[in-house]
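Two complexes come next, and they have one chain in common, subunit A, joined by subunit B in the first and subunit C in the second.
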Partner chain A sequence: MASISERNGARQGEWTLALRYSALGMLLIAPAILVFCAVIVYPLVSTIHLSLFSIFTPTLQGHWVGLENYADLLSSSTFWNALRNNLIWTAGTLFVQVVAGVALALLLNNNNVVFRPLAQSLVLFPYFVSTVVAVLVWRWLFNDLYGILNHFMLQLGLIDMPINWLGQMPNAMISVILVGAWKYFPFVVIAVLARLQTIPPQLYEAATMDGAGPWGRFFDVTLPQLRGVLTVVILLRTVWDFKEFDLIYLLTGGGPINATQTLPLLVYQQAFGLNRMGMAAAYAVVMMAVMLVFMSLYLYRFRRGEEAA
Partner chain B sequence: MFALHHIARPQSPTTRRGKSPVPNEVVRKASPPKGQGISRRSLLRGAGVAAAAAGLNLSYPRRARADDVTLRWWSPQSSPGQLAAYKKQIATFEAAHPGVKVVFEPTSDEGYSAQLAAAFAAKQQPDVITHLPSFAVQTYYAQGLVEPFDDVIQAIGPDKYYPGANNVYKTADGRYCGTGIGNTAADMLWVRKDLLEKAGIGEIPTTWDALRAACKKMQTGGIYGAPLPYGLNSMTSLIIVGFIHRAGGNVFAPNLEVAIDSDATAKALDFYKSMKDLCPPGATNYSWGESVTAFVSGATATGIYAGRVLQNVRNQNPSIADFITCTTYPTISKDIPAWTFNDFPSIWIPKGSARLAEAKLFAAFLLDPPGYIEQLLAAPGHVLPVLKTIATNPDYLANPIIQKYKSEVDLMAAAAAGGYNLGFETAGHKPNPKANDIIASNVLAEMVGRAVLNGDNTKAVLGDTAKKLADLMKG
Partner chain C sequence: MLARRVIGTVLLNILTWAVVLAIIFPLIWMMLTSIKPQTELFHIPPSFWPHEITFEHYRVLLEETPFLQYFRNSSILAVSTTAIVVTVGTLGAHSLVRFSYPGREKLALLVLFTYLLPSVVLIIPLYLLMVRAGIANTILSLVIAYTTFALPYALWLLRSFMQGIPPDLEAAALVDGASRLGAFVDVILPQALPGIISTALFTFILAWNEYLYALVLVSSDAARPLTTGVMNMLITSFNIEWSLLMAASVMMSLPLIVIFAFLQRYLTRGFAVGGVKG
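Let's look at the complex of A and B:
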């Protein structure tokens, strides 16, 4: 039987081994931590720090203003207008992306579709094409004088005069939402299609035997099965759409007047148009706060829903 | 430990053919004890280090010459013809200055402000910038971002300039912040003589009422009257400044107090609003490109642009080439004199260039004929010569477009020479060092949008705009 000192020695040896394993583990994840700190933590802390100063962009010189940037921002009608536009754009394009994405994924999941592999490849095209190229093409499609949309509609007698797609409300916001949905819905298609292909067909057979029609099978079998992937897709697309800059900037520039000006465009205008880097950082921090609130609520509701299920 | 520092030395070509770079005595010292051989771990370690060293060596750039200098040149004027002219100028300069390379990087009228802000912040500003409006240079100079240009003007030859051509570049501290690379009459009224005749209009309008009436008569058969810009962009801002002056008003008083909240501005906005139905529907989003294309393509009976119309019509729509002409833009009444927007396209050098001497040489070289003439003729009538010696040069005058439209080009040259811009509204105004910030903020374009597109109360809009301008001037 081991003596107390021998048992203590053995335990000390175990502790030393455990410490060594811990140290080895930390060493192995250190590169990932460093990268995380470099690309996420440092920019975040840096942005918050910048937002407390009034900084002139070209020289990056400035002075401390504390929370004055936030006070100015929150009392500015420009901010609230941009936030409202941001929410409308995000909700609108997300809705169309999800509906169109799920619909097309259901279609592509059908083995009877002719040239299905080709269709599955082509559906990805909008996602892969450069945003600049896509927007330039859409601007020509929407052009009042030379655009093919107006041309066809005039030829078909649907309209008497060309429609101002991008320079008049609500056309401008609708156009931006539709172009955004066209550009990004393939992401939803890919994710949903992958999940659809793993749903056991027996579930559909059972539902059919229980008398469920197509809509019944969709709401009672397909949609619950898609819940997990849709949660992730909606979360990701919401974050990405909320911070979308180039598509809106190139399509309308925030116009007409400020009708499609969103928060990312305001950040750009503050940072590089008005040379107010500190205020731009404040806008960015507020954007992050809005997204954090949304994500927290969303995940809370999702977890409650899962617990209830 | 294996002799890593010997392995890490870049290998010579002979060693890449298999000969060991390591002296034999080093190999003998690093070898394991006799009888044991080289361990697999040592071999792998050595091979990995050697592979890394070889990779480094392969990607190691050819050592640059100590005296090689590369100048970066930005300009928003970069049509294909202009790019070709720049290429020749660069080649000539490089041939005359061995060891100096010049790289041209295009920017844009709408984007240069943001690009320069980022470039300065990143200490990546170019060495020479051309064709930005004079007020942009003044704004940057006031922010301490521009090299004084006095010696470059001396090198070019002050006597070669038209009298007073460099006045817009004179700074508050008595230096010159840049010089002109040309003149531009940016808001000439372009008209289609055939459409005027068809509408029974005997003469080109000289007042706003006459212009509006003419546009109404000519707006028929799918052709609109005018392509005025109403978008949230720099063209709308710069064009409305001209209309304010043509109504007898100012944006700022000569002492730079805000003066936009005036009857003249209200009348300018009223006229601008009345013209909206005579413009294509997409004019609510128009900037420079859309506006000039609308006239050149024949979609509108009148245009508002600089001399590039001439070349664009010749290249894109020659069927109307014989029917276009231009004049100074009409004013509210015959009592108000013409006011032409000249952005006085500039040459200037950002502060902080590590290649200042070469940059100044290149800046002066840009006005040397024949390269300068070729550059001007890449867009004939658009950027007009700022040197007397060039304007009368037979090579310049021999250009077919200049010859065909001699009266138009002469008129544009005279209008531009007597022109102004937001940085310098009249001869009696102080230079406005915040003009570029004002344009970049889109305050004036927003004023147009609110009053014209939204139909907001004009007085309220002018009050808000005046306040925003005052804040920008303070900031």
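Let's look at the complex of A and C:
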């Protein structure tokens, strides 16, 4: 009898210990949850709520309009134009980032490159530099009178006349895509490089013995090995490129004549340029809905990876 | 055979370094422009190396513009954001990794979700919030706003780092009679320190570089950080002084250059861990 009650006591002790532990765990996460609710969950819900109102930004006075904002925006050409630009920008810059990123990672993965660590850190620099700095430097490079880029290209005989890089289409979109690729492709380089270094050399030896050339080795060994990391990188970069504001806003401001205006720029313009805060919230919600597609793909993939681990 | 290999290596090096130099060329050009006299910028054809080196633009920048004020604001802003986010994040990440309670997995997923969330979706309610609370136009309002992207990011990175610490270490400390909090301080924190440094650096850089919230929430020079401040110098000046702007760009990148020179391994480690473990 005594031993049973003793054992019960021990089990009860374990139980209270487990309870105390999970209480402590919740206590430790509590500050994070509090901040989350205050600055993320509440604003998120509030955006949806605000999108049902018509609000004048300077006075913050408004009235209920229901789904009218949504009906307006879906029937306006501004929205569809911005969505189209957003998709062109995302697909364009992502494509250049991935191709250039993989190519440079392959080059840098070679042991024969001298000062390899230095090369790697230099490549990383554009990724960490402030977008403001990147844009200022590129606007100076793009300058139509004194920009070094036009000068180089004139001298090499690539062009006869200085190019207006940011002021006309399709140049403006191409410029934005290229500057975006320049700024963000180091992310691809580093992620791919880390994976390349873990590919067992035996795989290449076996492929060589089977008579595969450099291209054969790339398509039969390297690319399949990179599939996992490329999927994650592409999903992450899709989400991040889609929501990019600073770079496009500072380079072209959405111009010329809205030709590079994307959804984030539209939200900002509606809220703080045209003073239509409710409408801006509706745009934000729709943009969020479009992004949810990519975000859920990433979350799904992440959960699968977590279960496998 | 040997000759072919040597030529191959030389070509590989030339190609690789040509690409690397092309990539950082804009940044080299930024530095060169910042030390050229204004007259030299408008030479046709432009000269690559400056004929004459001058630090006049830096003097003008520091003495005749509000640059130093912006620099001070940015420093306060980035340091306080980092301090808050890393503290809250370290406690939270430890809880997410080492404790079990209902809803923990969903919470981790929520963190990841918010990590992908665009700022423009939150910015309108945050703006209203700051105006109503009467703290619009202050550095504090920016610190609060910056936690919206910095905290999910830090939590995520720290969680990934802490998952790499073997659980046996904490278990051993508990067997030796340490409390959970004692084990956290004595065992987990030292182990997690490289990860915490990485996270702090990433958070600092994110906060230092942020533009959109600063644009919306702050409109006075007293609280304006470097990003919007320097852009403002571009917009308000009558004729654009590129050498001055390039000097401002170099000065603005100083913290980054310091981090790159001395703490780069922490950045690379953060990359390997954060979200891209394929």
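Keep this in mind: the second predicted complex is superposed on the first by the 250 of 309 C-alpha atoms of A that agree within 3 Å, B and C clash if a C-alpha of one lies under 4 Å from a C-alpha of the other, contacts with A are read in each partner's own complex, and residues count from 1 in each chain.
In the analysis below, a residue touches a chain if its C-beta (ideal position, glycine included) is under 8 Å from a C-beta of that chain, and two chains touch if they have at least 3 such contacts.
Values in this document were obtained by computation on a predicted structure and should not be read as measured data.
Contact with subunit B, but none with subunit C, is seen for A:144 once the two complexes are overlaid on the shared chain.
In the superposition on chain A, contact is made by A:255 with subunit B only, not with subunit C.
In the superposition on chain A, A:162 makes contact with subunit B only, while subunit C stays out of contact range.
In the overlay built on the shared chain, the residue A:59 is in contact with subunit B alone; subunit C does not reach it.
By the touch criterion defined above, A:37 lies against neither subunit B nor subunit C after alignment on the C-alpha atoms of chain A. When both complexes are overlaid on chain A, the residue A:273 reaches subunit B alone and has no touch with subunit C. Comparing subunit B with subunit C, more residues of subunit A are touched by C. Contact with neither subunit B nor subunit C is seen for A:223 once the two complexes are overlaid on the shared chain.
The interface of subunit A with subunit B overlaps its interface with subunit C at residues 60, 143, 146, 268, 271-272, 277. Listed in rising order, the residues of subunit A touching subunit B in the complex are 56-60, 143-146, 161-164, 166-168, 252-258, 268-269, 271-275, 277. Per the touch definition, subunit A reaches subunit C in the complex via residues 21-29, 31-33, 35-36, 39-40, 42-44, 46-47, 50, 60, 104, 107-108, 110, 112-114, 119-126, 128-134, 136-138, 140-141, 143, 146, 148, 151, 155, 182, 187, 190-191, 194-195, 228-233, 236, 239-240, 242-243, 245-246, 250, 263-264, 267-268, 271-272, 277, 280-281, 284-285, 287-288, 291, 295, 298-299, 302-303, 305.
Those residues of subunit B that touch subunit A in the complex are listed here as 113-118, 120-121, 140, 143-145, 230-233, 280-285, 294, 297, 299, 437, 440-442, 446, 449-450, 453-454. Those residues of subunit C that touch subunit A in the complex are listed here as 9, 12-13, 15-17, 19-20, 23-24, 26-27, 29-30, 33, 41-42, 44-46, 88-89, 91-92, 94-96, 98-101, 104, 107, 109-110, 112-114, 116-129, 131, 144-145, 147-148, 151-152, 155, 180-181, 205, 208-209, 211-212, 216, 226-227, 230-231, 234, 242, 245-246, 248-249, 252-253, 256, 259-260, 264, 267-268, 271-272, 275-278.
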